[in-house]
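Some structures are shown below for you to check.
In what comes next, chain A is part of two complexes: it sits with chain B in the first one and with chain C in the second one.
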Partner chain A sequence: MKVTVLQENLAHGLSIVSRAVSPRSTLPVLANVLMATDEGRLRLSATNLELGITCWIGAKIEEDGSTTVPARTFTDLVSTLSDREVGMSLNVRTQTLNVRCGASNTDLKCIDAQEFPPMPAVDTSDGLQIKVSELKEMIQQVVFAASTDDARPILTGVLMTVKGGKVTLAAADGFRLSVRKADLASTSGHSISAVIPARALSELARIASDGEQLVTMVMPRGRGQVVFRTKDVELVSQLIDGTFPDYEQIIPTKFKTRAVLSTSAFLKACRQAEIFAREGSHIARINILATGELQPGSVEISGQSEETGSNQNIVEATIEGPNILIAFNVRFLREVLDVIRTPNVALETSTDTAPGMLRPVGAQVADGEFLHVIMPMHLGS
Partner chain B sequence: MSWDLIGHGWAADLLAEHIAKQQLRHAYLITGPQGIGRRTLSLRLAQAVNCLRPPAPGQPCQACSSCRQIERMQHPDLSIVHSEPPSIEIKIDQIRMLQRTLALSPYQANYRVALLLDFEEARENAANALLKTLEEPASRVILVLTAESIERLPPTIVSRCEHLRLRPVPVEQLSQSLQSQHHIDPDVARKLAHISAGRPGYAIELEQDKQRLDQRITWLDDHYRLLGENRVERFAYAETAAKDKESLRALLPIWASLWRDVALQATGASVPLTNIDRQAEITTLAERFGLHVAMSVIQLLEHTNELIDQYVNARLAAEVLMLDLPRR
Partner chain C sequence: MPIRILSPEIASQIAAGEVVERPASVVKELLENSLDAEATFVSIKIEGAGQRLIEVTDNGSGISETELPIAVERHATSKLSTSQDLFHITTLGFRGEALASIGSVARLTITSRPLDADVGTRLKVDAGHSSPIEPVGAPVGTQVRVEDLFYNVPARLKFLKHETTERRLIDNLVTRYALAYPQVRFHLFQENKPALQTSGNGDRREILAALFGVEQARQMLDVLAQDDWMHVTGFISPTSLTRSHRRDITFFVNGRPVQDAALAAALLKGYHTLLMVGRYPIAVLFLQMPPELVDVNVHPAKAEVRFREPERIFTGLQGAIRRALLAYTPVPGLQAQLRWAPENPPAPTSRQIDPAWNLDQVSARKGWQVEMQPELDRQPTDELPGGAAHALAGQPSFPDTRVPILRLVGQVANAYLVAEGPDGLYLIDQHAAHERVLFERFMSQLPEVLPSQSLLQPATVDLPPANARLLTDQLPFLARLGFQVETFGPHTFLVRAVPNLLAGSDPAAALRVLVEDFEEDETPLQAEREARLVARVCKRAAVKAGHALSPDEQRALLSDLEACQSPRTCPHGRPTMIHLSVDLLERQFGRRGAR
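Entry: the complex of A and B
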């Protein structure tokens, strides 16, 4: 292998793939980054067997080939190179990579590319397409609700279902549920249901570039993997084995009280209440009061702590239905309000022991596009 | 036979049949003494379920890339959990890591195989953390636990696994296999078969590490000499021996194996002796002390080893042992 690349491209590529490097593994090769020539470009890949990231960068290729370089050493080296052009050539027999850049000359000990676990070669022609910006927003709106407790592995994933031109992401941790639907950029005949690790989706949201680009999603048959591909980056994730709970059952179908209030005011009130509630049991008490026919109602959000004190905030709201006092985990409320983009949000409740539902309100949101269900907490005394 | 084991043919046949008839259990527990072949059998099972070109159903080819990666214990779908030195315990974090891995569908093979070696070393909370996984692992996961005996595991673990108990390989069979499969001289093979007490792994280790064989002879010499010495000499020996805890732990079972032979000799049993090169000493000791004393010395040595495992002051334990050893 003999290639020349720009230092900034190489550094950028390594920063993208290095998130998937696993330095402490039983397989030494997983601490390395696969570097291979691929149709006029240089391919960089890393995998920790759960998540694999591949990135293609422009390169001048004189001789094809591949090897794996120690990720940490190579990244540290590349970040200190000062010249624009980096020349690399591999001695296949000794698996030594010579890196030249300006006056700097380095020999790196590499591991044969054969040792690297095979990454799936996918045919993206029949993949599903979705806008990058939309997918990123979807991920942000559900991923925080996934469980972090490995005792129930299935809940550490996000359920993705594709049916009739619509894609749905859902995540739950036993106390809350977040569901987001969207239209696909391309319609697809086959329906899909798969549980993707939340960590992989967070990583996808991080590395996917902004803008109107399209991301293609493919699930190679029988491999238990999902592949997301943009122009220069590909992310492969193992799927979680198992059946996701039937979350439709948890979504309340009716409500008694519906309060519509300003998202930003509600979020601010929750932030303040959390300052006190986080000391104790994370309880925020929500008192929904409908005052009269022609007057706006109000929602009082309060948090308190034995040690630090208490805080109340009153937010104006439009209320339908009877008054209610209900308690929620304030962190859960704050996390969902953080990802609701509309100026107004609806809080739907029925009793203080039944789950509450939050959904964005506005002309631009389609019905049922995003919803979030939270279990209430005990009000206590 | 493509499982290529020394002995344990019944276990290989059973597992091969499970694979061929698609009756694989989700969890196996393989017990037996150190070096008997528990890990080798587990690896063969992992190879057999994931072999790319099985010569016959349930048989690993041992030549394809998958088989070779598993043999080196470097397969993407093979997870190995064991106590990581200097710790002598399997920790709960290791189990949690494993659970994370096992939740994912296999990377390239048919099954994810998790190997939990010497599971008696698991802390109580680690063993408990595994229960849920043992009860309902994902569909394409096989767990294989190895342990010295089921008595050393929580019953909740044992009851969730199919148990295979490996017994020592008959001395004659082991001697033959060492000659045919590992090209060891007949005399050496016969001696190794005896000294290893039917444990193929241990026999091969001894063959490859001559130092350990020499060490064994030194230790047995020391022991016989000490039996004739007074307290001053014995205490001096205890002080030196206690300095290296690891070697003390290795030394005690070898002394115990000598007393086992003494006990066997005293009863006149026809069971093959372990320390066949020590025939004269064994006979002398058997005539001098008889079965009863031999049994109590074995217990004493085992007890001392347990104490050292439990972090008792090694020198103190060694000195107590020296006081209690009979005088020739």
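Entry: the complex of A and C
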């Protein structure tokens, strides 16, 4: 193999694939990045057997070939090279990669590409297409609600359902549920329901940078995998086996009290309450008060702990329905308010033991596009 | 005092003491009679945990009018006639003592009708005095009612355990017989509520579910082995399912439940090296062998037997267990582990490389201070005035056990913190330390109801009957802890909310771990039980070994530990820290002469 690439491109490619490298694996080759020439470009791949990321970068290829380079060493090296062309040539017999850049000359011990787990090629011609910017927003609005506890693997995933030109992402960790719907860029006849690891989606949101591009999604039959492909990046993830809880029945259909308030003011109040609540039980008390016919109502958000003290914030709000005092985990509130983009947000609930529902409010938001359910906390006394 | 022959009443009460020691033993004797009478349906009714009423009804062969008065005499039996028969016992009973013994300590009513008789007969015995028999209408079979057990032996009454315990013993006993006789239909009613109902269709796994819960019953492995004179069937747990005690190991020899240390040893031998130290399997095993090879006439309650050729039986059993285990034990799957795992586990001998570092020797030299509360410190709480309050705090606290201000040095092996104090080096077990911190925090908040987090969907938990009963008893306390649990069927529960502290973990597993292996007999005090439950919650919620902590988290844990009342042990009594004094370090480095 003999190739020349731009340092900038190589560094960028390595930063994309390095997230799938597993440095502590029992399989030493998984700590390496596969480099292979591929139809006039250089292909970089890394996998931890659950998640695989491939990235193609432009290269001048003099001789085809492939090898695997130690990810850590190579990334550190490339990041310190000067911003010019990097020439690489492989001695196949000794599996030594010579890297030259300006005055720098390096010989790097590699592992034969034969040992790298095969990354099967996927036909993406009949895949579903969605705009990168939209998919990124969808992912950010649900992944945080997925569980991080390995005891219930199914909840560490995000349920993706595709039906009639619409795609829905849903994640739940047992205490909250986030559901986001969107239209597909291309309509597809078949419907899909699969649970994708939340981590894989987070990585996808991170590496898919160009918002105007389209991302293509394929689930090859019988492989238990999902493939996301943009122009020069491909992400392959194992799907999670199992049945995702039927979330539709969890979503409350009725409410008694509805408060509409400023998202940013609510978020700020939650951030302040969290400073005090995090020492104790993470409880934020939400006191929804409809003051009178002609005055605006208010929502009081408070957090307290025995050690640090207490904090209250009053946010003006439009209230429908009776007054209510309800408690939520303040972190849950903060995390969902962080991803709501509209200036106003609605909080709907019925009693202090019924679930609370948050949804964005605004003309540009389609009904039911995003909704988030949080189960309340019960106060001691 | 002159020596006298005891009156017949006293003599029979003494004899009864050997056979009938608690309600469960009455149930056992009556049940065995029913089974010996070849009944296909046995219904048992218990009231007042067996003290008020034990009623066993069967559809067996019945007792004829002429035999009935003899049946309640001592040493009266139909099961044996010559002394030779004693060595070929094929029935469960043979001593002829059961009915007489029960009759002498309770009010006994026997109603029976054999198949060939037109009417049944009834006989009443009250504290050993039988009244004349009377004819009554009765279905074929025998009904024995035992009322007011031990009413004339107050000493015995006093030694009965709590009602729930007695009920649980009866549950366990009947369930085990139901397992041994799957073709017999059993109905057990405790306080007018069905506790066990089997179909009698011969399916043992169904009954196993009643004993251990559906989940665990499903995991149990089948054992089936036969050689020319012994036949072993039954169920054993896979190596992943274990208990901290041996009580769930049950053996039946020729249909008779026996306790035999040697059989249990053979079972454990079969599991050798597959189980952790201190863990025991669950097993229900049925051994069939020719009657002349076992001697059952060893123990009044027949709980023990002697084997004619013990070695052959033990090797046979051990082999059968091992084969079943190896056939079913899967190769552990390769899984991505976040945990720090050394490539070569440290060899246990490594400590002996340098004798100066041999921990055992050094600690004998007084230099090392392994800061462990001696066992003596745990005072028997119920003897103290205000014992309950003491028990609530877990272990008694001593003012001088507080740790000094510590400076964090770092984390070792993702499991231990290293810290420096004014008097030397401290090694702290992060899991045990966190457990202690959580425990004290919980206990200080407990007078109030703790906050809890509701679940999106309630989780259903299916528990074995014994655990279910315990859980039902503790529901009010669990509600204070933050568990909102509702009963949802006899042994099924709905978890609606969990303590905030456990919000990260599987709610069903959290609840199950709370009551699993719980010993209600060990501590009669409710306060002590509550402390135990809290300790379990803390154990579950505490950060595990193998979890990397950020420096801030490490520092927070240290300062929390400094604030604890008794920081040196975890709520289960294991040490949280080891202290290496400056003095010891200096000696070890040869800066100061060895003493």
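One rule holds in what follows: the second predicted complex is superposed on the first by the 379 of 381 C-alpha atoms of A that agree within 3 Å, B and C clash if a C-alpha of one lies under 4 Å from a C-alpha of the other, contacts with A are read in each partner's own complex, and residues count from 1 in each chain.
Basically, a contact is a pair of C-beta atoms (placed from the backbone, for glycine too) under 8 Å apart; a residue touches a chain by one contact, two chains touch by 3 or more.
No experiment lies behind these values; they were computed from the predicted model shown.
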After the chain A overlay, clash or fit between chain B and chain C? clash
Could you say whether A:His282 touches chain B, chain C, both of them, or neither, answering first, second, both or neither? second
Should A:Ala327 be classified as contacting the first partner (chain B), the second (chain C), both, or neither? second
Is the number of chain A residues in contact higher for chain B or for chain C? C
Touch check for A:Glu50: first (chain B), second (chain C), both, or neither? both
First, second, both or neither for A:Pro355, with chain B first and chain C second: second
Does the superposition put A:Val92 against chain B (first), chain C (second), both, or neither? neither
Please work out whether A:Ile154 is in contact with chain B alone, chain C alone, both, or neither, and reply first, second, both or neither. first
Chain B and chain C contact sites that coincide on chain A, given as residue numbers: 26, 49-50, 151
Which bits of chain C are touching chain A when the two form their complex? 334, 336, 445, 448-457, 482, 484, 497, 500, 503-507, 509
In their complex, what parts of chain A are in touch with chain B? 26-27, 49-50, 117-118, 150-151, 153-154, 156, 197, 223-225, 238-242
Which residues of chain A touch chain C once you look at their complex with the stated criterion? 22, 25-26, 48-50, 148-149, 151-152, 172, 174-177, 245, 250, 281-283, 327, 329, 353, 355, 373, 375-381
What residues on chain B touch chain A, complex-wise? 73-74, 76, 79-80, 96, 99-108, 129, 132, 138-141
